[in-house]
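One structure, pasted below without further comment.
Residue numbering begins at 1 within each chain, and the chains themselves are lettered A, B, C, D, E and F in the order written.
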Amino acid sequence: MNTPNDWPRPVDGLITPRFAGPATFMRLPLRDSAEDVDIALLGIPFDGAVTNRPGTRHGPRALREASTLMRRVHPVSLIEPYTLCRVADLGDSETNPVDVMGTLALVEARVASIRATGAWTLAGGGDHLMSLPILRGIIRAKLGLAPLGMVHFDAHSDTADTNFGGSRFTHGTPFRRAIEEGLLDPKRIVQIGIRGSLYEKDDMAWAQEAGIRIIRIEECEELGPDGVAAEARRVVGKGPAYLTFDIDSLDPAFAPGTGTPEVGGLTPREAMRMLRGLRGLQFIGADVVEVSPPFDPGGNTAMVGATMMFEILCLLAEARASR
Amino acid sequence: MNTPNDWPRPVDGLITPRFAGPATFMRLPLRDSAEDVDIALLGIPFDGAVTNRPGTRHGPRALREASTLMRRVHPVSLIEPYTLCRVADLGDSETNPVDVMGTLALVEARVASIRATGAWTLAGGGDHLMSLPILRGIIRAKLGLAPLGMVHFDAHSDTADTNFGGSRFTHGTPFRRAIEEGLLDPKRIVQIGIRGSLYEKDDMAWAQEAGIRIIRIEECEELGPDGVAAEARRVVGKGPAYLTFDIDSLDPAFAPGTGTPEVGGLTPREAMRMLRGLRGLQFIGADVVEVSPPFDPGGNTAMVGATMMFEILCLLAEARASR
Amino acid sequence: MNTPNDWPRPVDGLITPRFAGPATFMRLPLRDSAEDVDIALLGIPFDGAVTNRPGTRHGPRALREASTLMRRVHPVSLIEPYTLCRVADLGDSETNPVDVMGTLALVEARVASIRATGAWTLAGGGDHLMSLPILRGIIRAKLGLAPLGMVHFDAHSDTADTNFGGSRFTHGTPFRRAIEEGLLDPKRIVQIGIRGSLYEKDDMAWAQEAGIRIIRIEECEELGPDGVAAEARRVVGKGPAYLTFDIDSLDPAFAPGTGTPEVGGLTPREAMRMLRGLRGLQFIGADVVEVSPPFDPGGNTAMVGATMMFEILCLLAEARASR
Amino acid sequence: MNTPNDWPRPVDGLITPRFAGPATFMRLPLRDSAEDVDIALLGIPFDGAVTNRPGTRHGPRALREASTLMRRVHPVSLIEPYTLCRVADLGDSETNPVDVMGTLALVEARVASIRATGAWTLAGGGDHLMSLPILRGIIRAKLGLAPLGMVHFDAHSDTADTNFGGSRFTHGTPFRRAIEEGLLDPKRIVQIGIRGSLYEKDDMAWAQEAGIRIIRIEECEELGPDGVAAEARRVVGKGPAYLTFDIDSLDPAFAPGTGTPEVGGLTPREAMRMLRGLRGLQFIGADVVEVSPPFDPGGNTAMVGATMMFEILCLLAEARASR
Amino acid sequence: MNTPNDWPRPVDGLITPRFAGPATFMRLPLRDSAEDVDIALLGIPFDGAVTNRPGTRHGPRALREASTLMRRVHPVSLIEPYTLCRVADLGDSETNPVDVMGTLALVEARVASIRATGAWTLAGGGDHLMSLPILRGIIRAKLGLAPLGMVHFDAHSDTADTNFGGSRFTHGTPFRRAIEEGLLDPKRIVQIGIRGSLYEKDDMAWAQEAGIRIIRIEECEELGPDGVAAEARRVVGKGPAYLTFDIDSLDPAFAPGTGTPEVGGLTPREAMRMLRGLRGLQFIGADVVEVSPPFDPGGNTAMVGATMMFEILCLLAEARASR
Amino acid sequence: MNTPNDWPRPVDGLITPRFAGPATFMRLPLRDSAEDVDIALLGIPFDGAVTNRPGTRHGPRALREASTLMRRVHPVSLIEPYTLCRVADLGDSETNPVDVMGTLALVEARVASIRATGAWTLAGGGDHLMSLPILRGIIRAKLGLAPLGMVHFDAHSDTADTNFGGSRFTHGTPFRRAIEEGLLDPKRIVQIGIRGSLYEKDDMAWAQEAGIRIIRIEECEELGPDGVAAEARRVVGKGPAYLTFDIDSLDPAFAPGTGTPEVGGLTPREAMRMLRGLRGLQFIGADVVEVSPPFDPGGNTAMVGATMMFEILCLLAEARASR
């Protein structure tokens, strides 16, 4: 079995320019199998469940391209993920752009196959419905795993029951489904950055009654990033947890390339400080979703997304190394 | 019953600037019902069946915006569509972005309801699968209507059997389905502008065996626009016919905003000259599809699409007036 | 007479996708007349008075498009504007792009005709000179109305005397004219977010001597959003007031699509918090101006503008309902 | 008096990179006065008379930037304009963006002051109304000059009487005014590339009755570029003439950055071949207008415009040298 | 040794969507070594030798992304390159963005190492200077290889002696160097599409005296694509030859993303027809260069470039299979 | 000798619109010589030393264009730089885009020639390596000048030893070279805004050991802008100093047009407040670098850059006037 020491590191930008070569996640080698991998970086090119602007099917390639700017060491925690873990780009999950239900099955199967090797998944999406088959793939592949806690960065709660007169599987519903299916423990879920006008006064009623801790953007301001992180740690507590980062948690000035932008969001500095405050949580999987390149002619959204992937990779690597 | 004389004409750009007011198709009034309407301009905001780049759900609004530059008289034929027919913007068909099959039913129902009033539909899409429910709506709503002939501008034949391991309803399959369902008579179909590399040598075998007349781009060059139009008239002959204009029939320099561009296509001048050569055919419906605004930062694709809609509107108006 | 209960609400994005249908302000019905309307949403497509980059003539359509993402309930105050008031899209005012003085008359007439029904106007511009004919339309249409107070978000004071050697009607002069004409009471005006280099040290002398309370961006930082709102409430006091929101009050990273951007402006979070702090003021009209889509390839400016329109709509609806 | 031999040539791109230095027209020196100049390159930054999309006020700077790619010798005729004539960048005419009539006076005065030195003007606009004060400046400044002939490349005839209910000075009316004022001889005018839908069947009636020779795009196709040039030479004949090149004569795929694009226009190759066929005509002034950079995110429009300016400069230089 | 039969084919777009997975050239597998490869697709990410706009260092990734739209069979010749030859993506050559001379050595070494296995190189650049080290790598790696013939599509002759006061290695000089070094036989070189204004009347003198056959764009029009191809075949004749395709040979409307655009170029249809007319020539290597994505916000340039790569791949595959 | 009183001021935007005329820095006159100039605004169009995305060769023109929005008086300090000093646009330094070492010599010579007149240089770049020849030009041109202190805004320390296996002159190395050459005193250098992932844990070791005071972005947050400014004043102390402002010190939402963006940077408000806190330091030169227009389709980066140039110009003017 490999150890991190002889596992391939990212291509070195000090030697080979960052614009050179086909882009893989973090300039890591592309692998067909998760065998011997600790953390699998997986693209999920899908936007079949979005309710407004599409384009997240193009997210994985844009994230890969932007991730070539990432280096190897976290600048504040000094975590070195590639020293702690064996990390690889597993390519993209199969998806079917014209078949939502089929794609749910394909992604679950792919994540489960990764999980079967013991590896963890850090996914780059893809629309937010994709968190559902990832969670299915993680939980169903591992007997006895209890519902997970979750730290959820987003402008939206994504706990609607249906859209469009009965559609139960959209990017507005994944966490309702996941709770119903016993994949998540709502009392260990914290949602950060929620905002935007409401359809009805009680839009959040189901989520709140289920026990989800919602920290709206206004409360984020009051608590400050450190306060939010502390609250997130309190809610999620000990036990395995998932981290999902919807890029629309950020203000659209920082991340315009997304399908349902909401004005007045987090700044990347706030988000990074919050993420850095989550060290110690027992994350076993994560995703960064809703990056839609066609709506960002400048490309900054993918840059921000890749930066968040690196922040999260450091959290995962430390969590895994300290098991 | 109204006559065109007292039917509302487009807002006059010589009085009210073209950038003013909410954009409707051709600056016509927005109607809930097709009652008393001869030609219904209908948006179909959908991209759930595209195989590559999405975005055509945003096509109808972009076409409306661009159509505010259209005026009232055809510059060459001097056809005045609004003198010949009562034309209105019927708004958009209901669609469900996360449900292909549901959308097929919604669009068919909407077109059938228009057809039930006797009005004809000129649709602005939307992906090319949407031609299928339009044809269903036209044929099924009118007892005894034989399979239609069709003039089909496109880079692709769109007669594949399936995509992605079995999906039968994508924007690559509508005309195979339409022929199988008896909506179209393949021997009266002409496809113009077909090009691009092939998956297999026999990609077109089914279409050719079915009797479709395929005029590849190379043959378009040889025949010239007038020759292509003559051949199209010969193939389609007398009898009711449909006209479908995929914006990717044009070279992507002229129409970059589309999902599956193919280099080396028609110029707008060629396409307009071909369309003008189709006078006399008995068109009873038409569409302009595959306009995807997110992939055209300059906006020219919608401008070209709106221009083609006006060209086609003139054909429809003349055909209807001369019944 | 209608009541809000049977007045049309915005099209529901949970049923009909937000990208569907011709775009109207807030997805409300389009009305020719303000009869029975409480709050009229009015586009003013004009940029004939801008001193630097044009394009605000295209602002109303972009604001309408972006406003389709707004929902029905304010997320913090829980104000439901469509329950409190009857709101409609009144289309665009007539304008003449080549005639500044003519446009002043056209817009005043249109606003006065709305005012004559008793309705209030919330305008989406258009350049900032358009605030002048709106104020004229409000004041002149209603006998006995005293000069209004005003909350004015902007990077610039817009109280110059002339531009370009004598032009008295530009987007840099509307509030000087309005004060001279007795439409505004300078002692009840507060300007928020003013910044940018000066032509002369005493650029603001006239405004300050007139009694306008200028809160430069540096003072905004010191006071904080709540402090700014408190100061605005103090200055404007009781009595009818107008609210004008120049999108360039925001930093150009958040709202690049504007004609005279100034680096270092408000964030949308700050602006929204300030607006939310203005509840209780007796606003009777408002505008959001200077949205110039051609200078924002990403489109975020209109999104921010539409969000501010919704924030302001809530203020107006509450003010009107509580009369 | 200077001769071309010791007159400054353009900065040499083989020595100083073309991206270096403040951009002037053709990398020529910037002059305050036309004294000793044969051909004055003059910017006219104005869009106050456009009826649809604005932005041509930013045209001169974009043309200057793009013109830094031009070299010194015509590739086919081998004309060397800087050897034949003394050419300089005269900067921009004063304009007033909020005052159409004032700008007409400012531009006329500036062109007349250039003409007073004996120099000819090649203007880079600016909207097409600007041709009117240029013609005024040329004719009025030189006693006894008869009405000029004109070669006019355009999608539109620009001979409307009024726009917007009576406005007589818009970019749709300049040549009607010029003919009325005796600046142009309609029987020596040829319009090339006219196209697009019509408001009324007789939109062109006034122009045709006045004697203007209109070569619509369809006839351009039939005649071919050489035939069009021959016809233009026939119509204009001997005697002083003006050349006006509206960038919207070109198809918007080649020149998207313009205010009233019409699909199906000339290609640059056709236009250049036509221009090259105009050698021998007695041009004494010219302009390239309607370049609107905000509507061309890629920048090609200005590149095409600068190329046309160089083609026209060669015509002017040869005409002047051969007097 | 592998045969094409069991060599990996491109990922099938009918099964796996074309937007899925990290992008490689033509969706082929990425290989470290050219062992067993017939045709090596090689990226050369470099722009250190450009004289005007940079950005071609980002060309290879953009070409890979666009090439995912290519299929497997040529639509006209029905050549199946992957049946004839084993083709792979060899990744990018090492380059040093701050060191022109160093990069010349790195690229030559890389191409030579490919050549050493017997494989041919089809490169995607990169600026045009890169043709020089490719030619060096081909010739120097194979003893006894005579100077090559060359078909050269370009707006510029690229046979200058120096730029910027003595720099001998820029993208304006590669073929002068290659001829001086005996890599190319000037009498077997044909240049197609040359155009644009000249620095001096005799800009092309050296090339013409060396015996290069220059077919300017005007002559291309006269000969037509078939005539150009015939002339190219005549000039190059029998014997090994190279094919270099500068994307700026095309009109910038079709390929705006390039550093030194020249208005009035080839259309893709013309270029493809010319390429298809070159069957039978003994090409042993080729490149497509000067694709600069930052100057093409719409992305069409890379699409055209990838299409040309596929056209050329078919030529190479047939040439190699028929040896 | 001139005094500021009769020295040309910027063109007045209240008279001549800001979009008019060829763009020079701050709308100042263009001068060939620095004679009588106090502060020379100098463009340095170069990107030959960048390690990731190029494009800064186009920075100077974009900065000039954006600087036409600057006015004459600082809004907070009320410094009037053009009253204090004679300021002019000196055009661009000669550069050679294909020759890094040659460009170092050209820029040093140009700056030295300016320095020889006694004028100070405020440069608009250009990549960050250009700070090195500027410093050489300043120091070497003035005998006896001790190593300078420096305030350095940047995301990166730019004190690497080499890139790409030995290249010693890249935009990642200028200040290591400058310290080695005795141009800068590391103990009087403060770096502000440093952030981003690291290649190795000890990336900053050399800089720290040399005595540079690094204020990472996290410490900037803790100290606040006033605290950072105080610390900068403390570190730099008395004695001549240089100010270098890398635009990537700002968050890429505010300044996307740069080559090596790092998420989570300074806001312009923070940066401006820090700059304003540096009054009293003895700056004798400065630059604003790394503005890469091709990567900013909206153009805000240059706007921010021009604003920072104006802020810095005020610092320089006050410093010079108070000597």
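The definition used in the following text is that contacts are C-beta pairs under 8 Å (C-beta built on N, C-alpha and C of every residue); 3 or more make two chains touch, one makes a residue touch a chain.
Everything numeric in this text was worked out from a predicted model, so none of it was measured.
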Set of chains adjacent to chain A and to chain F: C, E
Numbering shared by both copies at the chain E-chain D contact, with half separating same from different: different
Greatest separation from chain D - chain, by CA centre: A
Pair in A-C, A-E or A-F that repeats D-F, with over half of contact pairs matching by residue number: A-E
Chain centre separation in whole Å, for chain F relative to chain E (CA means): 40
Approximate Å spacing (C-alpha centroids) for the pair chain C, chain E: 56
Multi-chain contact sites of chain A, meaning residues that touch two or more partners: 16-17, 19, 51, 53, 57-58, 96-97, 163-165, 251, 253, 295, 297-298
All pairs of touching chains, each written as two labels joined by a dash: A-B, A-C, A-E, A-F, B-C, B-D, B-E, C-D, C-F, D-E, D-F, E-F
Interface residues, chain C side, partner chain F - complex: 51-53, 160, 163-165, 195-201, 203, 216-218, 221, 251-253, 256, 260-261, 263-264, 295-298
Chain A-touching residues of chain C, taken from the complex the two chains share: 12-19, 69-76, 78, 80, 251, 253-254, 267-269, 272-273, 297-300, 303-304, 307, 310
Contact set on chain D toward chain C in their complex: 47-51, 53-55, 57-58, 96-100, 102, 163-165, 167, 169-170, 294-295, 297
Complex contact set, residues of chain C against chain B: 16-17, 19-24, 30, 43, 45, 57-58, 60-61, 64-65, 89, 91-92, 94-97, 297
